[in-house]
Every structure is written in structure tokens, then in C-alpha cells.
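These are the structures, in C-alpha cells.
Each of the two complexes below includes chain A, the first together with chain B, the second together with chain C.
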Partner chain A sequence: MKLEVSVGKRLGAFTLEAAFASDGGVTALFGRSGSGKTSVLNAIAGLLRPERGRIALDGEPLFDAAAGVDVAVHRRRIGYVFQEGRLLPHITVRQNLLYGRRFAHGDGAVSLEKVTELLGLASLLERRPHDLSGGEKQRVAIGRALLADPRLLLMDEPLAALDAPRKSEILYYIERLRDEVRVPIVYVSHSLDEVVRIADTIVVMSEGRALDSGPLNETMARMELRPYLGRFEGGAVIEAHVGEQDLEMGLARLDFAGGALYAPDVDALVGERVRVRIRARDVSLATVRPEAISMLNVLPGTLKALGEGAGASIDVQIDVAGTLLLARVTRKSVAALGLAPGRPVYALVKAVAIDRHSVGWA
Partner chain B sequence: MRRATLAYALALAALAALTALAFAVGRYPVSLGELATLLAAKLGAAHDTLAPNVESVVMQVRGPRVLAALLVGAALAAAGTAYQGMFRNPLVSPDILGVSTGAALGAVGAIFLSLGVFATQLFAFGGGLAAVGLVYWIGSRMRGHEPMLALVLTGVVIGTLLGSAIALLKYLADPYNQLPAITFWLLGSLSTTAPQDLAVAAPFALAGLAPMLLLRWRMNLLALPDDEARALGVDTRRLRSVVVAAATLMTAAAVAVSGIIGWVGLLIPHAARLVVGPDFGRLLPLSMLIGAAFLLAVDTLCRTIAPIEIPPGVLTALIGTPFFLWLFALSRRGW
Partner chain C sequence: MLLTPAELEVLGLSLKVAFWGVLCSLPVALALAYLLARADFPGKILLDGIVHLPLVLPPVVIGYLLLVLLGRNGPLGAWLAEHLGIVFAFRWTGAALAASVMGLPLAVRAMRQSIEAVDRRLEAAASTLGAPPLAVFASVTLPLILPGVLNGMLLSFARSLGEFGATITFVSNIPGETQTLPLAIYSLTQVPGGDAQALRLCVLAVALSLSALVVSEVLLRRARRRAHGA
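Let's turn to the complex of A and B:
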């Protein structure tokens, strides 16, 4: 699957100007509320007509202002899962799911059985929407969209209306969609937790513009995007596999290119691939290897770049044997330690800072 | 499902009983035995031993009128069901886009010009279609508004305009000949229905019904937000225009036969929905059955309870208002 998007449109106070490409998997449109994420999604779906640009799926144009192409919404074969999935109230979950199939234009590659199994809907099939929790409704809405045999699935903050346990439940199912059905997904979110868990490609949006896009781990480590990726929650994302599970201590050893990382409560088996976000604010720096400290993760590396800014703290990019980490430290420390690009440093990460929200399946 | 089956059975039984009753009662009573004999004779199962005036009362006088009540009742209820589904609003009637007002203006215009009965019906039919066409044309050009809202508001505004045109014609009409005829038409009546009226109106009503039956699955999706229905692969704009056209055709055909009979298209779908729920495929047939039975009952009352005929539009309002308020208070759940 190859999705190419390049759209422009005046929208009230701001101008939408977004261009990015994706090679499948989960593409996250990330940005604050009002940054134009949903507008981009609606343009892909055909619900919003851009003034200029081109949208193509596998080379086939869905919209092309220059060529005068604008495929109608119902002919695009694009599934859409909205913030709050609306189901038809008077019919059962099974009938609601089959409504997806009824108007499908494709050959129906995904069966009702498969969708039921994949989204854990078996026990819900004969129930009515008003008996379902928000998370269950959303799973049915995803199932309905899948059964329409979409070439691409759009999700507009599908977890926004759910509480935290439901969120992580749905994220698990979206991970399964990504890994098992391999339906490409464009996912809109302002939550870095969600994006980090499921996205392969991230498009960073601000004030109607797509600032940058690329593979998640590369983009997350980019210094110049730090202001847009959440100073508090942001940080590098590394891919690793579970090298060891110490059940007695409840710790997992996650091996990655730059070494090993210990993290608690990792819900994955030895050998499985995971992705880990290490928040910049959870990373400390030392110029000599510290002794007798509680931090389990001491990663030797080289300081690659120093961020700019006049505030108390700045961002530092560290190269740990090819893997980029981000640290957020005070300017006072930078001065005191004489930190500068090229300087060998140790990146210190508290194992307990890597919580379950920071780890997902790769 | 069993509830729906029971509702269909009850409605059918009521319809059959009311039909028999409608044939039996009136200024010239016909017994059920005579009706049965006549039916058997018509089916070729027995010899006709009845007095000839019994046959003429049943076949020529009451027959067209009963059929007209069934047709108009079912058509108005079907159109109301479609509109309520499309607008996601149980307070909507087939008149919302101006079909009745347009038909009324057409009929009043024809009466004003003394054009005769057939022209009055033709003008009513054409006026209804033209009014909705105008509303739809203007409403769909209101960009930047929610399309359904734009349509309803345009319908209300155009309806008011047509209403004042009717008022003007009434004011200008000859108060001794034309004005009573206009008033009579505006209150609706089935008393003058001729068999050929039905032969003309029925095909149009059926032509409007066919797309509704074929589109019943899609109709349900109109309960979802527009974006969601479109993303599921339904061309909602085209669906809406087909539904408007079908419902308008049915209503215009009915109104051309009967004049304006209010309340049926508002009340009946609402009542039917309380019984079988909003699934269009189940709702439409029940709504039509109840609509036919209701209007037949109303028309039978109109011609029997008083020495003079009462206009059915008056009676539907008298029954409809309290019944509707009661239903409205009863139903808590929204769409």
C-alpha cells in the first residue's frame, strides 16, 4: 500500500497545507487539537474537498485538483472509524457488523468470523448497542468498517471518548489489526502514548501544516520537532526485542542495537519485538560512569546535538551505538558538566520510568 | 420479531374488519351476509341473488370510496415514514417540503379558473411536485448549511409563500360558487372519488412505493450521521433525492384524489414505530396497514356519525391531536 497525500485548503482562520506519504502500516497524524489532523483525514475520506493537491492510493488518484479527479466518498473504499462510533440502535451487533458488508464494493476478503475473532466480539454478537460499553461500541464500529473491505482504514481519535483501561484494550485490538489483517491505517491522535504504541509512520502537524513525517523512531528523535512532540511526554522511541524476563524481579531485559534496557512489567514473551518510548525527561546524563546508584540503565554514548532555547532546560540528543536517545536536562547542568557535541556521556534511565504505556508491540 | 408478526396480524385483521364495516354501514345499510353473497358471486362461486341496488351501493358508491381511503391512508403513512426516517425526526410529516401546500395551490388555482374536476386533480398533483421540486432546488443550493436543515427551512418558507398565494385566491374567489369548493377541497374529502381517479392515482403511488421498498436497508443508514453513512459506502445525497421524489410522488397522488387530509402522515408512522421500532423494512408495511385502516375508519365515521358529511381532515385533527400528544408523552426514547 502506498498512500500519497498533498492537500491545500483555506479553512477559516488557518490554511491547511499538508503533504506526506506512507508505505502502509499505521500512519499517525499527530498534533494538538485544531492542528488540522481531522481535516486531512476528511480530505482522504472525501468528506472535505481540498482546493489544491493530490491524494492517491497505490498510484490511483482519489483526488487530483489539476486533473479534475474527485472520487465520491462512497466509491473510495475507505473505512472510517469516528470518535464515537454510532451504531444502529435497533438491531444487534451482528446485524450492525453486516451493515458494513452490505455496501462493500470489494470482494469481502475479511469474513465476519475473522472480524469477530480479531476484535473479540463473539460474546457481543447478539447484543444491542445500548447494552455495550464505549469500548465495545468502538470495537464494533471498527469491525463494521473492516467488513466493508476497505483499502485503507481511517481512525479519528477513536479512543478519545474512552477511559484509560478501555483505551489500552482498544489499542491492543488495533495492534492486532495492524499485524494480522495488515490493513493500512491512518490514525489521528493528540496522545503520544497511543501514537508511540501503534504507529509506524508519524506525521507531525501544527497549525494546519504537516511539519515533518517519517518512520516513528527516526522522527521522534528529531531535535527540531521537539517543541511539537510534547516536551513533557516526548522522547525517543527505540525498537528492541525481549532478551530475558526475570519473573522473580518482574523485570524484562530489552535488547536493542545500542545495548540492553531493563524495564518492569513488560507484557511480552522472550523473543518478541517491542517498541519502547524513553521520555526525554526520564533521561539523565553523566560524564563518568556513575557507581552505586539505583538506576539500572546506564547507556554509554556520544552527545550528538544540543537543543536551543532560553528556558531552564534544553534537549540533548545522544547517540548510543547508532540509536538516538533524547534527554532533557537543565542549562545549568549543561554548563556545569561542559556538555558539548562530540563529548562521550552516559545516558541514565530509571527502569521504573518506563511504564506500561511506553511499551508496545513492534 | 414475534412482536412485529403480532402487530402485522392485528393490523391486517383490523383492516379486514374495517373494510367489511365500511361496506356495510351508511345511509343504505348492507348486511354482512349480503356482502358475503356478493363477494362469492363476484368470485364466481355463487349466483347473484341480491337486489340490484345492493350491488350498486357496494360496487359503485362505496367501492371507490373505500379503495380511495385505503390508498390515500397507506400512501400518506408511507410517505410520512420515509420522511421521518430521512429527517431522523418523528415530528416530520409528508408536508414538510411543501407538497400539500403546492397541491392545494394547484387545486385552488384550478377551481379559481373554473377548470373542472379532472384539471383540479391534475393541477393538485402537478402543484405538489412543483412545490417540492422548487424547495429541493433552492434548498440544495444553500451551501455551507447542514443539508437537511436547509431543506426543511426552505420548505417552511416556500410553504408560507404558497399559503399566502392560496389566501389571495380565496380572497379573490367568487364567494358563492368557488369559495365553498375551495374550502371543501382544502378540508379533504373522499366522497366524490370516482373509479377512474383511483386508476390514475394508484400507479403513481405504487411508483413511489417501489424505491422505498428496494432502498429499505439504505434508509436505515440515514439514522447515522451523514459522514458515517457515506463512509460505509452509501451515496446519501442521491438516496435522499430518491426518497424525497418517491415520497412526494405518493403524497401528491394521494392529495390529488382526496384533497388535504392532515395528520395521517405524521401520526401513523410515529405510532407504528412505537410498536416495531425504527427498522425501515419492518416499519413501512405496518405503517401502511395502519394508515389505510385509520383513514378508512375516519372516512366511515365522517359519513355516518352526523346527518351531513364531516370533512375527514377535521376528524383526523380531532383524533390526531390528543392521540399524538399522548404518544409523545409516552415515548421517552429518541430515535
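Let's turn to the complex of A and C:
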């Protein structure tokens, strides 16, 4: 699967100007509310007509302003899971699920049985959307989109209307979708937790523009994107595999190119690949290896870049044997320790700072 | 209370006229309602006004216009009679036409409101699932507006049962052909000693209208429940 998007359109107060490409897996469109993420999704689905640009799926143009191509929504075969579910209220869950089937060509990749099993829908089939909870509605909406045999699945903040336990439940189902059905997904979110857990590629959006896009771990460590990736929640994402699970202590050892990282309550088996976000604010720096401290993760590296800014804190990029980490430290500390690019430093991370929202399967 | 054969004839004719009037105006009303609810075109306000004319014009004006246009010597009436063999003048079909024209604004209003109330995001969702526009209309829009369509048909039906001015002007008051319930009551009040019979027909009219209202309310509730999935 290859998706190419390059669209422009005036939308009220701002101009949408977004260009990115995706090679499959989960692509996250990340940005604040009103940054144009949903407009991009609508343009891909055909619900919004751009003024200029081109959208192509596997080389086949869906929209091309220059060539006058604009494939009708119902011919695009792009599934869409909306924020509010949008189930048809006058028919049952089963009829909702099978709605797209009669228009789909061929037998499709997945059966009703498979989708019912995958999303845990068996007990809901004869019910009406009216009687479903928010989480159940979203599961049905995902199943309905899948059964229409889409070439690509769009998801517009599918968790926004749900409470925390439901969020993690639906995320689990989306992960299964990604790993078992292998349908490419474009996922809109303003939550880094969600993005880190499921995305392979991230497109950072702000005020209608796609600022940058690329593999999640590379893009998350980019200094110039720091203001857009969340001052509070932002941080580098590293790929690792579970080297050891110490069940007695409840700690997992996650091995990555730059060494090993200890984290609590990691919900993965030894050998499985995971993705870990380490928030910049959870990383401290030392110029000599500290001893007799409680921090389990002491990673030797080299200071690569210093961020700019006149505030109290400053972002620092550290190269740990090829893996980039971000740390947020005070300007006072930078001055006191004489931190500058090229200096060897130790990055210190509390194991308990890596909570379950920061770890996802890769 | 048993009805006399004459009363049965009047009742049957009234129902026939109202039924066919509503049925034939349904596609027209639905199309107009859809156009007014969804489309944006120059002259929309004018069309809206024309649709509403029967509501505000004296019915006798509508009846007279129909007579001029569709009477035997009217431009459209003569053409229809000659080429299609359709005659409205002084026939029950003319009464049905008058009834449907008078009921049209009520039907269009009810249907238009229900179309405007449809969540268009549901239609968008259906099209992302591969449904072409006509299928979206049939499988999403229509079921959702069904209560409004029923309501419009009922209002139009009730209006048809009571239609008097346009009917008597257009197709006259011919017993067995165009003499519907209101016309029969009118005739009876014009002859000496007809009061008792007129009163019987009045009771019949009340019973008829009331049962139409009750039946439609039941249908409406059922349709609403279905449309909202409760």
C-alpha cells in the first residue's frame, strides 16, 4: 500500500496545505484541535474537495486537480471510522455491519465471523445502535468499515468520546486490526499516548499545515518539532524488544541499540518488540556516572544538540549509541554543568516514569 | 348506526378521492420537499411561495384556475383529453386532483422538515461504505424521513376529506361522481328538511377525521421508534 497526499484548500480562517506519504501500517495525523487533521481525512475519503493537489492510492489517482480526477466517495473503497460512530439508527448491529457488503466487489478479505470474533461483537448483533454504549458503538463502526473491504481505513479520533478504560479497550482492538488484518490505517489524534501505542509513521500538523512526517521514532526526537509535539507529554520514542521479564519485581528489561531500559508493568512477552516513549521531562542529565541512586536507567551518551528558548527550561538531544533521546532540563543546569554539544553525558530515567501509556507493541 | 346506501356512496367517494389524491401527489410532494430542503437554486423562494399558494389563496381561486387550465376547453385539459384520454372536468379524478393540490403545501412542509432534520453525516458514512447516491437515499434517507412522509400524507389526506371550495368550483357537485362528504352536507343544507340528514353526515365526518388522526398518530409513533432505533 502506498498513499500519497498533497492537498491545498482555503478553509475559513486558515489554509489547508498538507503533503505526506505512507507505505502502510498505521500513519498518525497528530496535532491540536483545529489543525486540519480531519479535513485531510475528509479529502482522502472524498467528503471534502481540495482546490489543488493530488491524492493517490497505490499509484491510482483518487483526486488530481490538474488532471480533473475526482473519484466519487462510494467508489474509493476507503473505510472511515468517525469520531461519533455514525451507525445507522434504524437497523440492527448486524445490518450495520453488513451494510457495505452489498456494495463491495468480491468476497472481501474478512468475514462477518472474523470481524465479530476480532472485535467481540457476538452478543451485540441483534441489538440496535441506540442501546449500545460508546465503546460498543465504536467497535461496531470499526467492524462495519472493515467489512466493506476497504483498501485503507481512516480513523478520526475514534477514542475521543470514550472514557479511559474504553479507550484502552478500543486501542487493543485497533492493534489487533493492524497486526492481524493488516489493513493500512490513517489515524487522526491529538493524544500522544494513542499515537505512540499504535503508529508507525507520524505526520505533525499545525494550523492546516503538515510540518513534517516520517517514522515515529525519528520524528519524535526532532528538536525543531518539540513545540508541536506536546511540551508536557512529548519525548523520544525508541524501539526495543523485551529482553527479560522479572515477574517477582514486576520489571521488564527492554533492550535497544543504546543499551537496556528497565520499565515496570510492561504487557509483553520476552522477545516481543515494543515501542517506548520517554518523556523529555522524565529525563535528567549528569556529567559523571552517579552512584547510589534509585534511578535504574543510566544511559551513557553524547549531547547532540541544545534547544533554544528563553524560558526556564531547555530541550536537549542526546545520542545514546545511535538512538536519540530528549531531555528537558533547566537553563540553570545547562550553565552550571557547562552542557554543550559534543559533551559526554549520562541520561537518567526513572523506571516508574515509563508508565503503561508509554509502551506499545511495535 | 347504519348508513343508508346514499350515505355509503358519499363516504366511499370521499375516501376514494382523498386516497388517490394523496397517493398521486406523494411523489410530487416528496420531490418538491427534497428540492426545497437540499438544493440551492435561483428562484427557490419563488418555488417555495408557489407551493404554499393553496394554503393562502381562497380555494375557489385554485378551483377556478384548475378549471381554466384543465377544463375541457383549457389548454392543458384539451391536450390531455385528446392525446392521453385523461379527463378531469366534472369527474371524480378532478376532485382528486383538486384535493391533492390543496393538500400539497401541507405534505411538502411536513416532508421538508423531516428531510432537513436528517443527519447528513449518516449519509456521508453510508457513501464511504460504498453506497451510490440512490442507494443512500433508499437505505438511509427514506427510512429516516418515513415519519415525516407519513405525517405529510396524513395531513394531506385530512385536508382532502374536508376539501370544498376548489372541488365545487372545478368539478361541480355531481352526486355519485364528484359529491364528496362536504359537498353532500352543503347540498342537504340547501334543501328544506335536509337538516337531520346533514347532521348525520356531519357526525360521519367527525368520526372519519378522528379515526384518520388516531390511525396516523399510531403509525407515526411506530415509525419514529423505528427511525430512532429505540
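Basically, the second predicted complex is superposed on the first by the 357 of 362 C-alpha atoms of A that agree within 3 Å, B and C clash if a C-alpha of one lies under 4 Å from a C-alpha of the other, contacts with A are read in each partner's own complex, and residues count from 1 in each chain.
Keep this in mind: a contact is a pair of C-beta atoms (placed from the backbone, for glycine too) under 8 Å apart; a residue touches a chain by one contact, two chains touch by 3 or more.
Everything quoted here is computed from the prediction, not taken from an experiment.
**Student:** Evaluate whether chain B and chain C can sit on chain A together after superposition, giving fit or clash.
**Tutor:** On the superposed model, which is not a single observed complex, chain B and chain C clash.
**Student:** Looking at the overlay, does A:F82 come into contact with chain B only (first), chain C only (second), both, or neither?
**Tutor:** A:F82 contacts both chain B and chain C.
**Student:** Check the residue A:A353 against both partner chains and state whether it touches chain B (first), chain C (second), both, or neither.
**Tutor:** Neither partner.
**Student:** If we overlay the two complexes on their shared chain A, which of chain B and chain C does A:L337 touch? Say first, second, both or neither.
**Tutor:** Touch partners of A:L337: none, neither chain B nor chain C.
**Student:** Does the superposition put A:M295 against chain B (first), chain C (second), both, or neither?
**Tutor:** A:M295: touches no partner chain.
**Student:** Quick check on the superposed pair: does A:P129 touch chain B, chain C, both, or neither? Answer first, second, both or neither.
**Tutor:** After superposing on A, A:P129 lies in contact with chain C but is clear of chain B.
**Student:** Pick the chain B stretch that clashes with chain C in the superposition, from 2-10, 38-46 or 182-190.
**Tutor:** With the two structures superposed, the offending stretch of chain B is 182-190.
**Student:** Could you give the residue numbers on chain A that contact chain B in one complex and chain C in the other?
**Tutor:** On chain A, the residues that contact chain B in one structure and chain C in the other are 45-47, 72-75, 77-80, 82, 86, 88-91, 99-100, 103-104, 144-145, 148.
**Student:** Looking at the complex, which residues from chain A come into contact with chain B?
**Tutor:** Touch residues, chain A against chain B: 42, 45-47, 72-75, 77-80, 82, 86, 88-91, 99-100, 102-105, 144-145, 148, 154.
**Student:** Residues of chain C touching chain A in their complex?
**Tutor:** Residues of chain C touching chain A: 121-122, 124-133, 135-136, 139-140, 143-144, 226-230.
**Student:** Which residues of chain B touch chain A once you look at their complex with the stated criterion?
**Tutor:** 217-218, 220-221, 223-225, 227-228, 230-235, 277-279, 335
**Student:** Across the complex, what residues on chain A touch chain C?
**Tutor:** The contact residues of chain A facing chain C are 45-47, 72-80, 82, 84, 86, 88-91, 99-100, 103-104, 128-131, 144-145, 148.
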